[in-house]
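Paired with chain B in one complex and with chain C in the other, chain A is shared by the two complexes that follow.
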Partner chain A sequence: MSVRDDIADQLGVDFDAVDPIRVVLYGTLVGLVAFYLSPLESGLMTALKTEAEFATSPPFVPPTADGFTLEPFSVAIDTLASAILNSIMLAVPATILSALLGSFAAYGLTNFEWRGQLGVVTLFIAGIFIPYQAVLIPLSRLWAIVDTQELLAPVLDITLFSVQVPVLGTVELATHPHYASIINLIITHAAYGIPITTLLFRSYYKKLSTEMLEAARLDGASAFTVYRRIVLPLSTPMFAVTLIYQFTQIWNDLLFALVIIPSGSGPAAVATIALNELTGGIIQTFNTQMAGAFVAALPTLLVYILFGDKFAKGVAGEA
Partner chain B sequence: MLLNTLKRLLGRDGSGDCGTEARADGAASLRADGGTPTSDGFDIESVVSSLRESEAVRSAPFWLPPFLLMGFFVYGAIGWNVIISFTDFAGLQLPTYDPTAFDLEMYRRALSDGQFWLATRNTFVLLVSFTGLSLAGGLGLAILVDRGIRFENWFRTIYLLPFSLSFVVTAVFWRWMYNFDSGVINVFLRGIGLDFLASKWLAGGVELGALSAIPLVPETLQFKLFAVIFALLWQFSGYAMVVYLAGLRAIPDDQYEAARVDGASTVRMYRRVILPQLRASTVSAAVVLMVFALKAFDFLYVMFGNNPGPTADILSTMMYRQAFAANEWAYGSAIAVVLFLVALAVVAPYLYGEYRRGEL
Partner chain C sequence: MADLTLDHVSKFFDDDGSKVVAVDDASVTIEDGEFLVLVGPSGCGKSTTLRMIAGLETVSEGQIRLGDDRMDNKPPRDRDIAMVFQSYALYPHMSVRGNMRFGLEESTDMADAEIDSLVEETAEMLGIDDLLGRKPGELSGGQQQRVALGRAIVRDPEVFLMDEPLSNLDAKLRSQMRTELQRLQEDLGVTTVYVTHDQTEAMTMGDRIAILNDGELQQVATPLEAYHRPANRFVAGFIGEPSMNFFQMEVHGDTLADDSFTYSLSPESEDAVSGSDHVTLGIRPEDVELVADGSADHTYETTVDVVEPMGNENAVYLDFGDESRFVATVGGMRRVEAGETVYAHIPEDAVHLFDASSGDALKNRSLESVELAEPEPQA
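Moving on to the complex of A and B:
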């Protein structure tokens, strides 16, 4: 009996089960975790440090008691709060709109059979891949010609509701004249979201039982009834996937906001634009910048942490 | 026969008109070629009723409104952009859409513009290296995660996490990572005694010496573009992993078993049995990654503003700068058309392949 087996006996461990390949495997996996989390970890640590502290200590080390501060976060929240509200008022309606339209289109293109259908489907799917630069100038021309503010003058500038939020006080969720450019963004995002939402819903509707739909149709149900009574209720899981995916995409967009919101900033600025302005200054206050990045990313991070599996599905569905 | 003709007409109609117009068109053209093949009593009633039953018409209320909205914004805008690129639209003056004045001047200007060629070169460097590296990284991750590990969900979630962030947030984090004095990368390199590697990642470079004799290869190779590619790799390799994992999971278990029974080593099994079956995953992930590379504008814009300089300028940043900073609208449109054609060259073969295999 070797020494090794002796030790193993005493400890009650079977050393042969500890496969060196598995050790290397887990070592690699953990090393990769460090790589993927390091920008976030050092960002969070930096955001909790005073200026004197972050300039002198290694970025990934937690702050010392003296160097700890929450001020970067309060500055970031103050600066970004209105932009985040704008982003919510943009992303929520645009997400719902593009998911609904995608569901309609997918139903019309999947559960019916007609000539030329595939051509239409191809046009929808090709729309996923266009580089947005190819439509930017027409978009800016279009929204310069269509004066949403003028068109919607009677309904803008009304308070939707106000809520008491602890810490922040009374928050009035109101549409303001600048909301016109957010409405332009909503329409734009809804339109450019349709191709991907159609693809996602179509992959799902292809798997629906045709017998069931056929039976309903033979019973004299109209296409609308079939959609409302059968297809829509069955789509709930796919709506979850699509809403999560689209919300992330729209929240994260910078390009359309740069082009469609006049002069890019001001009261209608969305979170990505406000964050870019916060971090674009000459003075390199990295602690505030990092706090700003976390504040602006918070909604998508929350969505990801809560619904990670559905997000992954949306991602894989895009492939 | 009649129904077929109608269906064909309706099928062709898919390009844009709304349902009721299609009905009118269909009926009109039928009447126009009056007594042709169907002489057995032309009856408007039956036409209308068969139209009502026609699947195209029944489904139109669902797909047509989204199609019109999407078609206007996507294809209408692309067409509009092409037209603007034929004009001389610049400055504050509005474009004049006079077909007789259309010319290819903006494209000629691009061809003789050194900046355009640099941006094109950088675009292809970014496209190829970013896509290739992300695929390789994602495949590696997928194979590791697929080895029946514990806490698989945790690992997978962490690797995909950066993908949920916006380009803006990623760029803010990485500008700090690359900071010369106290960024993570240099602090780490100095910490493990590799001080000489610590560099100004966003501004520095290495001398290329003799290599710069090759056309389009600069004298100093700046790190900028590679720093960008590395950060994007961090953000997107998790995406490639998810696609590959789905591919790996779709391979039946008995194929792994069979390879093992045959005594194949793990490496050999992956090379001979598994990898060839991941072709479809590779193709679809590659297409999506290339499209993201073409959209990398947000990232570069936040990192470097609207002029990333000759070594990191890509077509999308150049297009934005020409149009929205210099107000050279027509020139910007022409660059956008080139960018669109690059995307088309990537996507069209992919979509055609999907179509051929009946997977659309």
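Moving on to the complex of A and C:
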């Protein structure tokens, strides 16, 4: 008898017998995985093919040696580079601002008692449910009236936003008037994100031990010190949640960008807008479009990878 | 260092428009260095009282003073008090060292090195010096308890406030910490207000105990005084385990009667009850004697219902043949069986009499027959 049979005997199982239910189960699972991954796979394969190869093979089939090219990616990166930079300059500050302000607001609304608190909380919650479309016209009117460029002229003159980018050289952002519209977008997204981040932080802060916060007060800490030294360090998981959520929202937003950036395009264009430039006019260049989609999606993917474990903790409500 | 005074302190909560009295006109002076235990059943207002001293609740009426210094209108951080919470309330993201440093960092201008040496000194005193680098989550309940104590002690405050600090520990550790806490407090000589619902802690730890019920201060006395000379029926029933036996009696001149038995009174006791129609007769279980025959005065024939052996003593539940039951404790070596008929002697000098409606003590037990070795209350 072989060892395998020995073990099978001891465990009382027959390795040769195949449970039909398990076959169906695993078959279904593999099918579902293929179903969900096929668009991604097809996209990636398309992005790696020449146009000629794309025209002659099904989208999900890997490129042949002749049909393989990285050109769509280089085209996409060239076309999208400045727009991605714009998107980063928009999404990073807007995300951090909305998370931080939401955390402040939640602390004030949850860990202190004051008259009229409930009314204010209700307003915040109502804010979550205002659809973007409902505020588009007021928003565009507002930014038509407020001339951010002029207001920030003294600040922008010190070339605060000049950055060195390896491939592109020095980018003097501050000298571009378009940066004002990115600031407008930052403010809009931060403001729009505050209700949801406040609500998320509030549910988290409700679970903080009251006795612990009281102990800190008795230890001599002011309300702000309690926030800085106790509440803020304990909010890391919830920061991961709000940062990922807000970053994805803001990065993928097209509507506000189209409305707030003048003529919906130009040097202030963000990644979602610039993607349109890859369509290639009359002849659709699917390979560069697909490559562009991957390039534009990369930052959100990176954010998930970087904060993923904390995100899971935050969603599970662990401190 | 100074006395801590609660001067006619009241606390009202607003419950949907109706006023709820949590603490009703409590006045007590806690002397410098004294260990006062606030004890009472759940919801009696003892924690609220402590939180008013801490400044975590506002005072609705009255004043709290430290020496001559009024402190009820100061924010908690300016009161120079340290509090130990039931949940320990440690900062989970900080090491033990960080937890103990926090108060000194926030409330003093001490140099880092000075803070460190103070923290280490205190940690050594509490035997947690090897835990300084750990986070609270890595500590056992008993160790967390010590860190919570250390965090309070290291600040060297005028007053310690402790809110049921031992109730989350297991029984053995609790009695150990009880002794240790008492020793620490004596060594440090810091005025301490200690809240508990556990009458054993109250009896064993306090220089004086303040018994609260329904927000009202019932009695402030040394533990033995509260035990032997309770101010009212509530105190008599709350202090002592098993608790005092009570019988509702009607007054008929020089005898008391209920459905089960009658009790004749000495002239002195008769005087005490002369103003009442109904009284409550109280007798501590250890004062009920089980005797051989029923010929003597105040001796009643009873049946043993249940016996709870404790080892050192037996709690014997007796009944008069009807529903009314009472407890006697007898020596652990004495054999008593359920169902047995025994004679219970209720000696008159050990009897407490309370007014049935107000509950006030009319007559407490005589202490002449017992040797009283009560230590001087510590000033």
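As a working rule, the second predicted complex is superposed on the first by the 260 of 319 C-alpha atoms of A that agree within 3 Å, B and C clash if a C-alpha of one lies under 4 Å from a C-alpha of the other, contacts with A are read in each partner's own complex, and residues count from 1 in each chain.
Operating definition for what follows: contacts are C-beta pairs under 8 Å (C-beta built on N, C-alpha and C of every residue); 3 or more make two chains touch, one makes a residue touch a chain.
The structure presented is a predicted model; accordingly, all values stated were derived computationally and were not measured.
Which partner does A:A191 reach: the first (chain B), the second (chain C), both, or neither?
Touch partner of A:A191: chain B, not chain C.
Scan A:A215 for contacts with chain B and chain C and give back first, second, both or neither.
second
Report for A:P233: first if it touches chain B alone, second if chain C alone, otherwise both or neither.
In the superposition, A:P233 touches chain C alone.
State whether A:P138 touches chain B only (first), chain C only (second), both chains, or neither.
The answer is first: A:P138 touches chain B but not chain C.
So, does A:A257 touch the first partner chain B, the second partner chain C, both, or neither?
It touches nothing on chain B or chain C.
If we overlay the two complexes on their shared chain A, which of chain B and chain C does A:L48 touch? Say first, second, both or neither.
Neither: A:L48 stays clear of chain B and chain C.
Report for A:T225: first if it touches chain B alone, second if chain C alone, otherwise both or neither.
Once the two structures are laid over each other on A, A:T225 reaches chain C alone.
Which of the two, chain B or chain C, is in touch with more residues of chain A?
B
Just which bits of chain A does chain B share with chain C as contact spots?
Touching chain B and chain C on chain A: residues 319.
Any idea which chain A residues touch chain B in the complex?
Chain A reaches chain B through residues 25-26, 28-29, 32-33, 35-40, 42-43, 46, 54-56, 58-60, 101-102, 104-105, 107-109, 111-142, 188, 190-192, 194-195, 198, 223-224, 227, 248, 251-255, 258-259, 272, 275-276, 279-280, 284, 286, 289-290, 292-293, 296-297, 300-301, 303-304, 308-309, 311-312, 315-316, 318-319.
For the complex, which residues does chain B have touching chain A?
The contact residues of chain B facing chain A are 7-8, 10-15, 54-56, 58-67, 69-78, 80-81, 84, 95, 141, 144-145, 147, 149, 153, 155-170, 172-177, 179, 181-184, 187, 191, 234, 238-239, 242-243, 246, 281, 284-285, 287-288, 291, 294-295, 297-298, 301-302, 305, 315-316, 319-320, 323-324, 329, 332-333, 335-337, 339-340, 342-343, 346-347, 351, 355, 360.
Any idea which chain A residues touch chain C in the complex?
209, 211-212, 214-222, 225, 229-230, 233-234, 319
Which stretch or stretches of chain C touch chain A in the complex?
Touch list, chain C to chain A: 54-56, 75-77, 81-83, 85-87, 89-93, 102-103, 106-108, 151, 155.
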